[in-house]
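Mind looking over this structure? Questions follow.
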Amino acid sequence: MNTKVLKSLIGMVCFAMMAAASAMASDTVKIAYIDPLSGPFAAVGDSGYRHFQYNAELINAKGGVLGGKKLEIVAFDNKISAKESLIQLKNAIDQGIQIIIQGNGSSVAGALISAIEKHNNRNPDKPVVYLNFAAIDPAFTNEKCSFWHFRFDASVDMKIAAITDYIKETPKIKKVYLINQDYVFGHSVSSSAKAMLAEKCPKVEIVGDTFTPLGKVKDFSPYIAKIKASGADTIITGNWGADMSLLVKAGKDAGLNVRYLTLYGNGLGAPRAIAEAGIDKLVTVVEWHINLSVEENKPEDEKFFLDYQKKYSNDGEMPYYYGRARTTMEMLADAINKAGTDNPRAIAFALEGMEHDTPYGKVQMRSQDHQLIQPLYLAVYAKADGGSVKYDSENTGIGFKTIKRIEGEATAMPTTCQMERPEK
Amino acid sequence: MKYLIRHLGIWAVAIALCAILPVIFSSDYAISLLSQMGIAIIFSLSYNMILGQGGMLSFGHAVYFGIGGFLAMHGINLIAGGTLPIPLELAPLIGGLGGLIVGILFGWLSTERSGTTFALISLGIGELIAASALLLPGFFGGEEGVSTDRMVENTITPFDFGQQIEVYYLIACWMLLCIVLMYLQTKTPLGRVANAVRDNPERAAFIGYNTRMVRTIQFALASFFSGIAGGLFAINYEIITAEMIGAIPSANVLMMTYIGGIGHFFGPIIGAVLVTFMQLTLSGFTHAWQLYFGLLFVSMILWAPTGLAGIIMNHEPAWKAGLMKKLIPSYTRATLAALVMFLGIMTLIEINYHLSLSIHPKDPMSLFGISFKAQSPAGWIIAIALIAVGFFFFKRGKNEVKNSWMDVHQAIKTGGK
Amino acid sequence: MSALALKLRNVRKNFGSSSIINGLNLDVIKGERQAIIGPNGAGKSTLFNLISGFYQVSGGTIEMNGHNITNLATFRINRSGLSRSFQVTNIFPQMTVFENIRCGLLWSMGYKYSFWHLCNQVRHLNEKAEEILERIRMTQRRDLPAGLLAYAEQRALEIGITIAGDAEVILLDEPTAGMSMSETERAVELIRDVTENKTLLVVEHDMSVVFDLADRISVLVYGEIIATDLPEKIRQNQEVQEAYLGKETL
Amino acid sequence: MVEYLIFSVLNTLVLGMLLFMLSSGLTLIFSMMGVLNFAHASFYMLGAYFGYQITTVAGFWSALIISPLLVGILGAAVERYGLRTVHKYGHVAELLFTLGLFFIIEEGVNLIWGRNAMPNFIPASLDFPLFTLFNSEFSAFRAFMLLISVAIFIGLYLVLTRTRIGLIIQAALTHPEGVNALGHNVPAVFMMVFGGGSALAGLAGVIGGIFLITEPSMALTLGPIVFVVIVVGGMGSLTGAFVASLLLAGLQTFAVGLEYSLVDLLGIIGVTVNADGILRDIWRIQLSHIGPILPYLFMVLMLMFRPKGLLGKREN
């Protein structure tokens, strides 16, 4: 090694640092959106970003927060890696951002919760608050719960409770097959389904409990053959992404005639991949779907949806999906206004126990474990007919229709959370 | 030791640099970036021990990094629990030893042949371990990974490692130590024989060496350093997930090392610094960063297979002879032309990204502060024109560079005699 | 009878169905310089590859200094005291001339797989390497990458590497092939010098080299040794004459 | 049970033949040129996307022909202008070049088609159940896939054994150095083989994109398995690739049904173990979960102990 090399190294590092330096503005409240914006899950992350961008714009159009401050969403690409997420978290904190929004990947969320907990302990004067809109591992509001974490999506337990209630009311369902991805999330779906089925409908037989490697299966036909052999009439699955669409596609191919009760059957890209194969068969647990405003006659929300479709959805290719994004942003804005400051500690205290009116009823951020309690719906794939199934998803001609509404109180589950709260 | 003293100057500069950099660039982000660069430097230098020096192309080097990281992580948890009586500062050593042991095992299994067979075995082992990681949640922690709190009681320094800067200095110390050790390793009998085995395994067997043994030891030592890097990773992020064992970090370290240049010891250092920087910052500027990165990688393979270090070292004779000024005019012209061409390509890529992936494809996009509509043909025409013009002048520039090099060679020859 | 450095008994080698070496017997006496001659395709290089362990024998035994070395790994044969050069130049082209020689020394001087010595710091290693450079007359080429040497120099360097390990038995495969007259002369000189007090087995086409260098000559035809004798006797041997197409006089 | 077995065999055939279509091209390229083509699965992906795009304009049957042709031309161009340039820097550079190409193609696909899966469905003319056995349907599309793959296998066999170019390729498979000496235009042969192999991958893509899913990560999910096929099958052996494809497909299809853990297996032979303690993860692994690991284990063991593969003609 000689000095010339070192010189060039120094030069390069200097350049790096200068490029990384960034200015801060003060008339905005910045919110970091940390989700995958490149790689295999980029579409999902990108879609989420649009949701939050749209909602921020709406709030800003109404005057923003704290009497005129604007909300600004800054996107950070975590490539759905826990490690990258922590880097981007540091990056965000360095830019003076203290509000984090993230959703995809329970592993990412777990990493963020513990990293933020550590950061806030080490830097009590510069805390960070974390709004989770999609990571639904029950642990986050139970043994791993944190004061700084707020979840706006229903947890696995809550969604499975909705599904099992439905099974209880549907006497046709006699044999249930559980098929899930082989990791923490899939296992929690399976275990809570087994526990709740045993409790609520002991007569229903669980004929299979299979785990598939996450994102690795290309052809689900072997699993379908196995499901057929088991004689199941219903499948419960927490599969998402390609694992969801491929499962239903393979089922259709083999003429498998079962009901699918899913957590992510409406996920981005699923309607396109599944399409007709899902009609009247594929049920999913959601807090919102594209025909809800029509069914419940909420023209304001329909307009909200249509505006998004027009401006943000690439002509309907990426439709509005995260109904909870609106709740998240509105509650955040309320909390900032209520606290009278954008200090995360104050925001967190304001959010605790906060109630909020959505077009579909009152929701509450339970202070015990920071889980949002909201009404849930079971929706099924249906052909768009211009009537109550007015809109179709992802330009497929296929939409959703509600088959059951579950009130918020009914979805609430007990929690074991013992949270440490900072001084107010 | 004598060697160290003789070359003390450069090491002193390196130490001073490591000490001063975080003072100059003191933002959290910069320090975090520097820490990551430190880890990447150890990792890619260790990779070059097998690729550059041993001639073994591995597609699974992250296995040793990852296993080292997991072991160190469990180690830190034990340290925190008080069951393991070693200070936190030495935790990377746990990773290193873990890497070493796994490296000896897999090294012996995979190094009987080099070349494609070795490459495929390393790929297979990488996929195998990565796929098993999710089956063994006890060790690998499943999708969630294993995490820790590095603020433990047992430290030998006065630091409690609550702040990133303290972690940075720990990484810097380990990095300097590892660089020195890896550099000295190239000067040892094993290091020299590894080169011999790379160049000519047949002959190496006839100077008494078991080529498989040479490769195995070289491989295991590389795994050791890789494990140390993994251990530092564990301390830096306080989390490690199974993805760190997989194909992506393995491909990443390969690209880093190759872009830096595998033919020179310092090549991987340049590669690690540059690529880490690009990965962390480019993704903030453009969604197309992976495409740019891929283009850079492929262009390096096509036109500069010796890597950045090779390019730099090619100029050594000209530099020594004081003839760099002869090269500068043609270089400037060729670089300008290349820049124009790249500008065109970039415009084209960004327009396309705007059309296919941005939120409002119909809104005007802005590039270099100029705002225009992506649909309008003007952008396309300008981009294609830039590419064409750039390409034309680049070809000419390339010839000029060639000619000026010939001049320089001529001058060196005549000057030398 | 003097002690044998190499003793081959009934050695056979088949490649698939074609048999290259058929029950070959060969004795190489300790300290002698023996040459093997024979027409093209007689199996000379194959024989070398069998002795040095590069190929596995299909049958028979090979002994060196009374020890069975049949089908041992190449590096084991080398460690037990046999070294060889190759028909096609076989050096480490990217290393300097000095490094080439030093690598040849490492194992025999006990540095083996060490990663705790620095080569530059081991004085007797470097001195020995310089000494060999001196002997092969390449001191002034010391720091040149070996790949840039002229052909004859590369051959000389290969001989340097071959003898560096201080092997007792040395096999040289056509050491002067492709050299000019003067280069050949110098090479023979060098070989004679460096194999002093050692056992040499050499394959060579150039008959002047053979008769100049060898104490005894073996004639290999169609995978068999048809004669082993002193050079002048071989010159007169009828059978050998015929085998060599019966035309030119040796 | 009989139903399960029959359909598992059918599924094995369908998946195995798809793998074969992909790997036959790669094994030719690998054994002739020594290039471990990382971008091969990318050509498969391009085939799927081109196929989808052409289907929307001109229908499935045109796509089935045009898309592989396009991919083949692209492959030939890559060989001519890319690989041939880096060839002089050795195998490592060639390999890395294809790796870089893999990244660029994936990003390029993102750039043009976006990151969502494409609505790539079975064409109406093939969207009906061909036969129903017991209660399961076997779709006409699956049968069509089988038909195409068998046709490819026979076609390849005929080309390799009955045509001049085929004989050159065969010679090159066993003695790559020799062909040059015979005065054939080796670079042109290489270009044709690379283009042809890519076209086969493209064809597999058109079909596989519908059968599985058309999305930007489809190359990454299938890529490594194809390597396993060619390694296990053996250098230069199409029959080997064929056998290995079926073997791996069978492994994956049947492993699914085996929900036994090591503890259960030991239980059968009367050994009980304490399934806790430090090795508890290992005891509890079920055979069905090992399915995805088995191919790689197979590949590593094969390379260590029988590097020329099941039916390979030579080591590399």
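A, B, C and D label the chains in the order they appear, each numbered from 1.
To be clear about the criterion, a contact is a pair of C-beta atoms (placed from the backbone, for glycine too) under 8 Å apart; a residue touches a chain by one contact, two chains touch by 3 or more.
The shown structure was predicted, so the numbers you read here are calculated from the model rather than taken from an experiment.
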| item | value |
| --- | --- |
| Chain hops separating chain D from chain A, counting only touching neighbours | 1 |
| Distance in touch steps, counted as few as possible, from chain A out to chain C | 2 |
| Which of A-B and B-C has more C-beta contact pairs | A-B |
| Most distant chain from chain B, judged by the mean position of its C-alpha atoms | C |
| Inter-centroid spacing, chain C versus chain B (mean Cα positions, whole Å) | 44 |
| Gap in Å, rounded to a whole number, between the CA centres of chain B and chain A | 35 |
| Geometric centre distance via CA averages, chain D-chain B, whole Å | 31 |
| Centroid spacing, where centroids are CA-atom means, of chain C and chain D in whole angstrom | 49 |
| Multi-partner residues of chain B (each touching 2 or more other chains) | 131, 290, 357 |
| Touching two or more other chains - residue numbers and ranges from chain A | 39, 46, 182, 213, 216, 314 |
| Overlap residues in chain D, where contacts from two or more other chains coincide | 110, 114-115, 289, 292 |
| Pairs of chains satisfying the touch condition | A-B, A-D, B-C, B-D |
| Touching residues (chain side chain B, partner chain D) in the complex | 51, 57, 109-110, 112-113, 115-117, 119-121, 123-125, 127-128, 131-132, 135-139, 247, 251, 254, 258, 288, 290-291, 293-295, 297-298, 301-302, 305, 349, 352-353, 356-357 |
| Contact set on chain A toward chain B in their complex | 1-6, 8-10, 12-13, 16-17, 19-21, 37-39, 46, 49-50, 53, 76-77, 81-83, 86-87, 90-91, 93-95, 105-107, 110-111, 114-115, 118, 122, 182-185, 213-214, 216, 311-312, 314 |
| In the complex with chain C, residue positions of chain B that touch it | 2-3, 184-185, 187-193, 195-196, 199-200, 202-211, 213-214, 217, 221 |
| Residue ranges of chain B touching chain A (in the complex, touch as defined) | 10, 13-14, 17, 21, 24-25, 27-30, 32-34, 36-37, 131, 134, 142-145, 147, 149, 151, 162-164, 183, 237-241, 243-244, 265-266, 269-270, 273-274, 277, 280-281, 283-284, 287, 289-290, 309, 312, 319, 357, 359-361 |
| Parts of chain A lying in touch with chain D, wherever the complex brings them together | 39-40, 42-43, 46, 182, 210-211, 213, 215-216, 218-219, 221-223, 225-226, 228-229, 242, 245-246, 249, 253-256, 268-269, 272-273, 275, 314, 317-318, 394, 396 |
